[in-house]
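Here come two complexes built around chain A, the first alongside chain B, the second alongside chain C.
Moving on, here comes the complex of A and B:
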């Protein structure tokens, strides 16, 4: 009857409605993520005999994890994954920022630029990998044709461990900078023009405007783009898979590729699960680093 | 001053266009070349004796139209599901007075950002137990989760900007809360919903490893996996692969060309605020 009871009633139904609306997402996450996470850790503590899948799974404690620590191939693929992250995350950020700044110019005809920006993003990773594999082919590749035209000795890109790594980095950067550029362009377009006009009145150079206005205003967009990029970079699989298959030897193999090989080719689910759990840890460490950074910088700016 | 400005703009446009289009143009040119022309040193740029044989082979060597259909079904349905589920969640998190809103949001994002690749084995086993291997559902469900974080974020920031008066007015006119969501909030945030949908579609269209794992029957392969089936045992038939790639990227190119404005505009208008 009283007004408070009506309000109370409305609050309650709003809460129930909220739970109902969140339910589908929660259920999906439960089935597709939470339950698999639980089985992942359970599997990682058990050993399944790859030669006898019917056999009962044995509890082996942390054996699978200790095995990883003495497994050279695990360390190598982890190191390569970290290197891909370290090279391609800043690389894609720089190229993406450059593309976004270029794309933010006032073009009269917008569609060619927009399409040029979107196309690498819309191209599946495997396709990009295949195309770049071919760019870097020794005899028939276009890259070596350019090098030859410049009078340089064309190298065997994909059969040299170091060069193959860099070729893959170039391909990943090309592919990833597209979405990076989109997100940063979105950020750029929210910066009010008036800020630049005021700076121009004060006689600020374009470089000063970039450092004093663009970069600080762009920080939230850069931050979100970096988190998304890092999470994807830790999972790098498609492009090296298509370009080198992890070779030569296992020189360009990522952790995701090793896990895939261990589980789907060697059917060693126990060990593969332990590796996957370790990969999750790496991903957590990488992203929590960002989160700590934002919290610190938010504290600094007095938020 | 004006002259240099327009020059910068031209150079900017040229860089972006060349960077974006070069690989696609290169495979387009190659798809018309013959295998013998490809082995010539120095390499040729324009096809010397253009042929359509590679396209004929692309359609006959593998069921590429079937791959495409699989991709359309999987990407289309997972997009629809993802947008629906994310819209409901985003609505609850932005427009309802829920306790611990931010915590739920962070939790949702944290869980959904768990690297799916590391969950491949449990997912594979789960789908096998459910008898879903080689069915569309085995990919639709994970792809829905794959794009949930970004779709929820994009739509949440759009929903936030809609004045609550509009909703209240609709509810006074006898509309239910959920009715108001679909009659007022969603239509008004159409650009955001659209952007979310395109992001989800491209993510699903792009995915490779899960598609490789869950579908081992040739006629259930999606395009991204199907294309790799054109590889020979030892040699790479590049002209054939190029033709297949061109066939495979045409639909997504059309989609992007039609909706290009929406993608950039949608991310700009509300999207990524951090």
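Moving on, here comes the complex of A and C:
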């Protein structure tokens, strides 16, 4: 009797202590995450009169959301965003995997490789955008300089919708690969050497080792990296903003750029908030797809 | 004697923190393109005259949009960090609607009409929205045709009056010079604010209007003129191939490097072409009115920058005093000499020192007096976005005249209802 009560008492105090320790973090999250998100949803149900923006905002229900469904520019920018995701997520995974495998080699001096991996990641996105804008510049850019040296007609990379799309994809892939590589390198280093040694004894080729050992062991790291990359790819803003400003016309405009224009340029906070909520939904759908897949494959491997 | 000195020192020590605490710090915001170095010199002058005031110059983005994005964030959150803000001439309507600018009428009092009558009329009008004075004019601006005097003389060509004359001249010079870096004509074509004027100037030069009595007027035949003009220029190779990537300052850079025969750009360019150490065209540049259609009249976009007092400033009285000094003939003259910023007072254009630094100002007054305004509406950012993105798409070759004009009509119509 006394024993249990002591245990209970200990339990309680531990729980209280736990709650007390969590409290600061929870409060902080409440103020800087929950409150803004709640405000965003609240804003998305309201609309200001554009001719009298200082007046009280009116409750408009789901009007802002129905407006998005008939807004061509919303659909176009969403489609462009999805295309950037579809191209740059696998692109960055492939390049990042290659870089991680390279960095995992037993170099005598490790820091230049590590630095090379870190540098694109540490660079602010908008810098990367500006650098690539100058690479692809029509007259003074290095890309057209190379093409001219090869005797090819230099194209106008940034004012052709298709070429501008690919130029932006190249820049995003370059920028994102280094983050991918860092995540994958961490995963690679957890794979025990003994597995490879055993495979070598069994006479497996290095390709077989890669497919049978490296890839399966790396899967958790790949999934985490993919989820992070997909969420940031849905939010693509800085690089196209710096490279084309969404041009030509609205051809390379992403959803995040449209939201930025709607809120900061047009000051239409209601509709802008609704668009942001829709973008959140897209992110959720994309990541829940990954999560379901990992859960299923985890269940399968548990059988 | 020694005692006297010590006492004095003690008194000074006592007095110094006192005077420091009585000092007011005012923060003025200016764009990177509006010569912040000159603003600093002018602010230093003010500090000399008003030892109790310290002026901090905050430098924002290079483009009008980049500046406004930052200002929208600061002012939507009612931040008091800025006192005086330099705003583009297209902004007062939006600023009035948002309540960001302190109306200045009460500070001017009974003298308001008299004071406003001293300015160029276009600016006195632009800065008053529904009878309220939203900002004070700082410097005037409009677009001009910059041309290479030396090349025109070499090929014995007159200064062109019409667009077609200009195209012919540009083509003849490009063919004659055989320099692959030399381009005939350039204007803003990237999806930025300046590209709105790229559409409006030829529209006005053909006798067209974007709106008539507040209603959209793009069904008029002149609405197609700008597209057709740039289409012809592109075809003949007079326009740069990457015209859809050209922002405003690129025209200055190309002109300064000697790679441009004609450029449609703003008044700040003159000072840079004449004074920058790396300018290859010193003394070779002429400035004139923009070309027009045969039978039309030369037109230009009105530009220029205004001084708004933040509605959230904590030192409004001191701020208004500073803003009124910045908007004076004295400062207009300083700017004209230091930066070739066009004065907002007609009288300053005739000042001999100003004319010595900017000989073309003698004609410029007429141009500014005749310059036209971009549409005045609280929703100007939306209007601007429609015009510039369609003009940009047309210049990039991704939209035809019909599609670009059709999209402009359908997206502008709800904004002018």
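FYI, the second predicted complex is superposed on the first by the 295 of 303 C-alpha atoms of A that agree within 3 Å, B and C clash if a C-alpha of one lies under 4 Å from a C-alpha of the other, contacts with A are read in each partner's own complex, and residues count from 1 in each chain.
One rule holds in what follows: contacts are C-beta pairs under 8 Å (C-beta built on N, C-alpha and C of every residue); 3 or more make two chains touch, one makes a residue touch a chain.
Not measured: the values here are computed from a predicted model.
Contacts of A:148 after superposition: chain B is touched, whereas chain C is not reached. Touch criterion met: A:247 reaches chain C, while chain B stays clear of it. Touch criterion not met for A:79: it reaches neither chain B nor chain C. With both structures placed on the common chain, the touch criterion links A:264 to chain B and to chain C. Within the superposed three-chain model, A:215 lies out of touch with both chain B and chain C [touch as defined at top]. By the touch criterion defined above, A:237 reaches chain B but does not reach chain C.
Chain A has more of its residues touched by B than by the other of chain B and chain C.
In the superposition on chain A, A:99 makes contact with chain B only, not with chain C.
Using the contact criterion defined above for the overlaid structures, shared-chain residue A:139 touches chain B and also reaches chain C.
For the contact definition in use here, the residues of chain A common to its chain B contact set and its chain C contact set are 139, 260, 264.
Of all residues in chain C, those touching chain A in their complex are 65, 68-69, 72-73, 76, 94, 97-99, 181, 190-192, 240-245, 378-379, 381-382, 385, 389-390, 392-393, 395-399.
Chain A makes touch with chain B in their complex at residues 11, 14-15, 17-18, 21-22, 24-25, 28-29, 31-37, 39-40, 43, 99, 102-103, 105-107, 110-128, 130-135, 139-142, 145, 148, 174, 178, 182-183, 185-187, 189-190, 219-221, 223-225, 228, 231, 234-235, 237-238, 241-242, 256, 259-260, 263-264, 269, 272-273, 276-277, 279-280, 283, 287.
Interface of chain A with chain C (complex): residues 50-54, 137-139, 156, 158-161, 244-251, 260-261, 264-267. Those residues of chain B that touch chain A in the complex are listed here as 8-9, 12-13, 15-21, 23-24, 26-27, 38-39, 41-43, 84-86, 88-89, 91-93, 96-99, 104, 108, 111-126, 141-142, 144-145, 148, 150, 152-153, 177-178, 202, 205-209, 213, 223-225, 227-228, 236, 238, 241, 245, 248-249, 252-253, 255-257, 260-261, 263-264, 267-268, 271-274.
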